[in-house]
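Residue numbering begins at 1 within each chain, and the chains themselves are lettered A, B, C, D, E and F in the order written.
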Amino acid sequence: MLKKNIETFLGCDREYDEAKIVLFGAPFDSTTSYRPGTRFASRTMRAESYGLETFSPYLDLDLEDAYVFDGGDLELPFGSVENALKDIEDFTRQIVNDGKIPLMIGGEHLVTLGSVRAVAEKYDDLHIIHFDAHADLRDDYLGAKLSHATVLHRVWDIVGDNKIYQFGIRSGERAEFAWGKEHVQTRRFDFVGLEDVVEKLKGKPVYFTVDLDVLDAAVFPGTGTPEAGGVSFDELRRAMNLVANKCNVVGCDMVELSPPYDQSGISTATALKLLREYLLALDYNINNK
Amino acid sequence: MLKKNIETFLGCDREYDEAKIVLFGAPFDSTTSYRPGTRFASRTMRAESYGLETFSPYLDLDLEDAYVFDGGDLELPFGSVENALKDIEDFTRQIVNDGKIPLMIGGEHLVTLGSVRAVAEKYDDLHIIHFDAHADLRDDYLGAKLSHATVLHRVWDIVGDNKIYQFGIRSGERAEFAWGKEHVQTRRFDFVGLEDVVEKLKGKPVYFTVDLDVLDAAVFPGTGTPEAGGVSFDELRRAMNLVANKCNVVGCDMVELSPPYDQSGISTATALKLLREYLLALDYNINNK
Amino acid sequence: MLKKNIETFLGCDREYDEAKIVLFGAPFDSTTSYRPGTRFASRTMRAESYGLETFSPYLDLDLEDAYVFDGGDLELPFGSVENALKDIEDFTRQIVNDGKIPLMIGGEHLVTLGSVRAVAEKYDDLHIIHFDAHADLRDDYLGAKLSHATVLHRVWDIVGDNKIYQFGIRSGERAEFAWGKEHVQTRRFDFVGLEDVVEKLKGKPVYFTVDLDVLDAAVFPGTGTPEAGGVSFDELRRAMNLVANKCNVVGCDMVELSPPYDQSGISTATALKLLREYLLALDYNINNK
Amino acid sequence: MLKKNIETFLGCDREYDEAKIVLFGAPFDSTTSYRPGTRFASRTMRAESYGLETFSPYLDLDLEDAYVFDGGDLELPFGSVENALKDIEDFTRQIVNDGKIPLMIGGEHLVTLGSVRAVAEKYDDLHIIHFDAHADLRDDYLGAKLSHATVLHRVWDIVGDNKIYQFGIRSGERAEFAWGKEHVQTRRFDFVGLEDVVEKLKGKPVYFTVDLDVLDAAVFPGTGTPEAGGVSFDELRRAMNLVANKCNVVGCDMVELSPPYDQSGISTATALKLLREYLLALDYNINNK
Amino acid sequence: MLKKNIETFLGCDREYDEAKIVLFGAPFDSTTSYRPGTRFASRTMRAESYGLETFSPYLDLDLEDAYVFDGGDLELPFGSVENALKDIEDFTRQIVNDGKIPLMIGGEHLVTLGSVRAVAEKYDDLHIIHFDAHADLRDDYLGAKLSHATVLHRVWDIVGDNKIYQFGIRSGERAEFAWGKEHVQTRRFDFVGLEDVVEKLKGKPVYFTVDLDVLDAAVFPGTGTPEAGGVSFDELRRAMNLVANKCNVVGCDMVELSPPYDQSGISTATALKLLREYLLALDYNINNK
Amino acid sequence: MLKKNIETFLGCDREYDEAKIVLFGAPFDSTTSYRPGTRFASRTMRAESYGLETFSPYLDLDLEDAYVFDGGDLELPFGSVENALKDIEDFTRQIVNDGKIPLMIGGEHLVTLGSVRAVAEKYDDLHIIHFDAHADLRDDYLGAKLSHATVLHRVWDIVGDNKIYQFGIRSGERAEFAWGKEHVQTRRFDFVGLEDVVEKLKGKPVYFTVDLDVLDAAVFPGTGTPEAGGVSFDELRRAMNLVANKCNVVGCDMVELSPPYDQSGISTATALKLLREYLLALDYNINNK
């Protein structure tokens, strides 16, 4: 008898019970102010998975051996920001309560807030490592408190001063950089200093959020607000590997892939490769520590 | 001394004081559930205006003679649905209170609600003529009361039974068609019966909302949810002309052009030509009644 | 406990056991001579399903009530034509042997041959109704016997003279039209005569193959070889409805959607709507005869 | 020994000596005011030729039997309007002086002027049949006398009053329509009256210029200024066939295909099919009169 | 009372009187020999401005504080090269005569000639700093003296030997490189030697022309003739900053962005960021020297 | 008398007799498993040739002086893998038997097998230098022995152990890397060690195959399976130059450009520039050794 069609991210075919990492999609982009479309990221990544090998020539590891479950996409109400965040929070809570690590695929960056709420509830003294082109530190944006442009400020509302470490930042308004100087640690343009941060946070619970627009616009055109002057694929791959290897990651996400602006498909392919490398490193770290 | 750069819709260069019709853009698409992008409609239409003549060979009239002011685009907060509707309502109220006819360019269909709120406040016994591929009559959509898919239900909350006349409808869920049978008049697929409706509403205040996806998908691919089996350009042009000529239109809008899905530019060009023909007919009607 | 992500065509959520119609994808386009890409049709249609309602305003029926199972996509070896056809044949055989009707989504038109082989094995006196822009009657194409351009000739090898009824044909080489006159019934450009054919075949087993390029190029640009001068969406919808209603369809397919050439998405949306209408009519016919 | 690569339009493989019709490309678009790109038309049409059959199921004729030579593309100096027109004129003169019929593929519509200059030099009492969405009758355009928007006025400078017959016109400024009433015969929107014109011109030398934007924008998006409300493929095919069959065509062109705006390729495919049908009809007429 | 819609480049909202730098667009591309489309650069850049912050994290300066006026776009006659250059020259003359610095946004590179004519009229001993992938030193191109491929030769006609300094050049015909050796200083591939040139020209009036195709094709695909092997965003940003900081720039331009070839939008975004950084550096230099 | 239209790769206008290098296209992509389209590479490269200069500023050499013949494209039967390889083999044999060097433009990578068969027949002790992102060392792929993914394994069947040198490899399945360790020399990610290999192979016959996806995805998006983390244009240009200069190249190819995924055109332009540089170096080496 025939079975129904199952679609998962590349090689992530474990059952929920045995998995240590749980992937899921949060297709939401209602507060995007420039070019919407990140809602299509997770399903495009799944559909394009078959173009990538499960084996990493960087790490000599294979996703077929990793313990990753793909929970599919949440069905989120466009335009109802608080409700969408609530759904994300509830879903994430279940995962962390089952002792697993959530890895959410956005969606716009605001979805991070839903996930952090659930993770911070479980883990005291949560620290944030944040890779991004944009500071996202506004207190409000066009009158709205909940926005992709305010999300790290909202995260700061939860975790407080000196818990957020930003890297790669190269865009923001004057006021957010000024505010940021008082409350978070911001490295502009690149990853200099990441090794020290990773060292310093050893053992502490870390939520790791990667806005893929930290990549250079030429490398990653398929995003809402592409920014020239960003990091290369290899710089990001190594930086993500460092966090996966050395930190106690208890929750994480990868956001802002926008397939409608990725006509050639290289952004989706790049996101998938980064996801593979990151999953392999994280899985290896979990199983060998 | 040089002057700042002014951009308006095609030939709509009157000052506010002398204008009888006031165009403005409502770039909002946060509740769009399928393909976002209508936020770009109004500025793309302005930018592409110079590709169209101001003269109509259908009507032998010229927009250079018409009394239309272009008020630019509202700056709406993405993700804050109620606030965005409030801004639209306030802007529309000013126009109707100044004795002018608002013609809003969406944006997704939900923006109609903001405009109707202001118009219905001023005009008792307001009737709605609605051209669309979709019934938009749901009471809620994924839990949200305010959505592009519920907008005509929300308009019904204001105007009540037997005031809404729909044409061209060819998509919806079973339940909305069932509900619609009790509360509104729905003509599926085409404009049959429009002449009777127009005759019946003679003299009564009418809000006229045109969702451009009433057009066939081949004619108008650049929209959020293109639907095969729609009306032709000429059928829509004539139907809009009929409403402009025979009804007492006190407010109107044209919504759901989505430039990111209009790679060849024909949807934008078609929307602009429909706008020209409609403006000319409406302006002629105002000045000759 | 969370479940794995299941993806099906629009509302086709029945289990295999209870289903009467079995959908599956045959992603193969290795013999395409002009523009390849039909391999992406079935998964693109699944991904875009959520943009369409399950309810038909044409038929007042809903896919949620229909008995359709989606078996996913076959994994076919590109470049190995005979092997790919064998896989299709085997899969189809299982379906017909279980007393169900296979509905295959191509892929290029050659996939029809695999399916017809299995269906003809089960049903004697099989007739073919064929909608297409192209005659596909060559005996070989650039030296190859198995090709999208020879597929109906290969089908004739199986079913013999006067069993194939073609409609909408508007492209071919001189020699195939000449050959066709002796062996098949070909109606050029439109569906005139379809009612007679349907009447004549009453009760006989029919395999129904729809090459979507029978549609006009403006309506359906997303195909390998778009041809101007084709039928409209509504003409095709009605013709497919006629076959589904009046014939004893024992196998069928819908081929040649090529998403890489469907930038605006209207071809995929149109294919999905035709699929919904056809499934509803076929399901209704099965359950009410 | 291997031969160099020869590329011609579809099946147009006769040597110059034996040919009766001479095709050539005039890749020029320097005066295009809206969207440039028609310079790519002729080479894109050649490259895409292999997607079309040489046999016509409309006429039961095959291009392999026709006497058509393809002279390749002129190398025209962009930005030097007078020089480009001179090159076109010289090339056309050679063809008409050799007793053959030139069929030029534009480029923008201004290229017609170069060709008409040479043809009018040879044929007294030249009449013009003109299919177009745009009147192209301005006397100057932004100060320039030579422009795609003035080309028929420049042609009128040569042939004089009552020699130009326009069909399908649906765009222009008020002044050109007014001027046109005095000097040319203009049919708006469709081909009504073409049969009478063709009858009236029987035996007289005719230059036939087809601006492909006479087609509806949905059918032919790939053009500089697409206009909704145009004719269908079949209407144009039949109208061109009528001229080819009944008129004494001594020169002709087909202009304004713009491949950069033809992402799906349907406009190029449609232009090629119209070219095939027209060549077959013209060739048949020449050889059978 | 409502005001008309004003559109300016990002944050360039000063009145003409108080401005020290005057931006304007020169939408002209009639001599482009490869892929036209630069005519759309200035209006696309204005439309996309809202996607960029006014604050620079490189310079810690904000455009809201700068003295820049945006004069809109010139309306130039396509196909009339001399007239278009005349319009540019006249407009530039007004700006320099008012003691302001013109910053023209092309259009193709030929527009530089119009601007240089006006600037050279006012400033004796004018030097040219030229960033480009192409030498642009031909004396004529396909018989035309005025062309994007001859523009620096035409500028040399005005300023004479040893006044032109080229950087980043990686394309040209053999003859132009040979000619260039005698008359201008050409640095191939990169900016090595720029610091010396800047030092040497201290205090002398400099016209600075940046053809954006000096950038690598991956970084800047949206241009008429993309060339692999170019400089990175950061190399160009720093080189432009050096010129703005150290030279006495009396006129400048940025040319050859071609939006139709910038499907992902990264070229426009990159051009805007370079413009922001350059404006801030130039404005700072003017106000602090 | 007019001549037929000849189209060749950029400046490759020698007759066959005098040529030392023979270019030809092998438009075949039937075994492509991810995104087909490389069949369009050779004709797109010819069509786009006119956008590139024949002169190299890197080498100070000009293609007008080189001895290169362009033999056009083979007409290959899609879907008939063995037949297509046979046609390639026969064509290549003729070239090598005439004492010339074949330079084949793919198509997918499998075409290399046809060419290597002919070259290996003529040259004993043939070595392979292979630039690629993918190892292509599978023994079979989805059951097929002949596939783009198995091509180097098939080449190994011919040349044997320790004859194949791979560079830039960054994708493959675990098993192929394991197999490769025993049979070929694989350098991952870059060209380190190429100088040693070139030195070691001095004088020996070398077949040089370049899969252009060795380039970084940002530099070369237009390919079937773009891979992040690849080499830059300049790294590849220098590596290809090294092989052309120092090796005894007796056959070569450049494969996997896929124009349908090269919307901006930069991949085609980059392929053409690499071809120019490589042809110039190879031609120079031949004539000066």
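Note that a contact is a pair of C-beta atoms (placed from the backbone, for glycine too) under 8 Å apart; a residue touches a chain by one contact, two chains touch by 3 or more.
Computed from a prediction, not measured in an experiment: that's the story for all the values here.
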Angle (degrees, nearest 5) of the CA superposition of chain C onto chain D: 120
Same vs different contact residues, chain B with chain D, by half of numbers used: different
Label of the chain whose CA centroid is most distant from the centroid of chain C: E
Euclidean distance of C-alpha centroids - chain D vs chain F, Å: 41
Multi-partner residues of chain A (at least 2 other chains): 35, 216, 218, 263-264
Which chain pairs touch, all of them: A-B, A-C, A-E, A-F, B-C, B-D, B-E, C-D, C-F, D-E, D-F, E-F
Chain A residues within the chain F interface of the complex: 50-55, 57-58, 62, 216, 218-219, 233-234, 237, 263-266, 269-270, 273-274
Chain D partner contacts - residues on chain C that touch it in the complex: 34-35, 169-174, 177, 188-189, 216-218, 221-222, 225-229, 261-264
Chain F to chain C touching residues, read off their complex: 29-33, 35-37, 39, 75-81, 83, 110, 141-144, 146-147, 260
Contact set on chain E toward chain B in their complex: 1-8, 15-17, 22, 43, 46-47, 69-73, 94
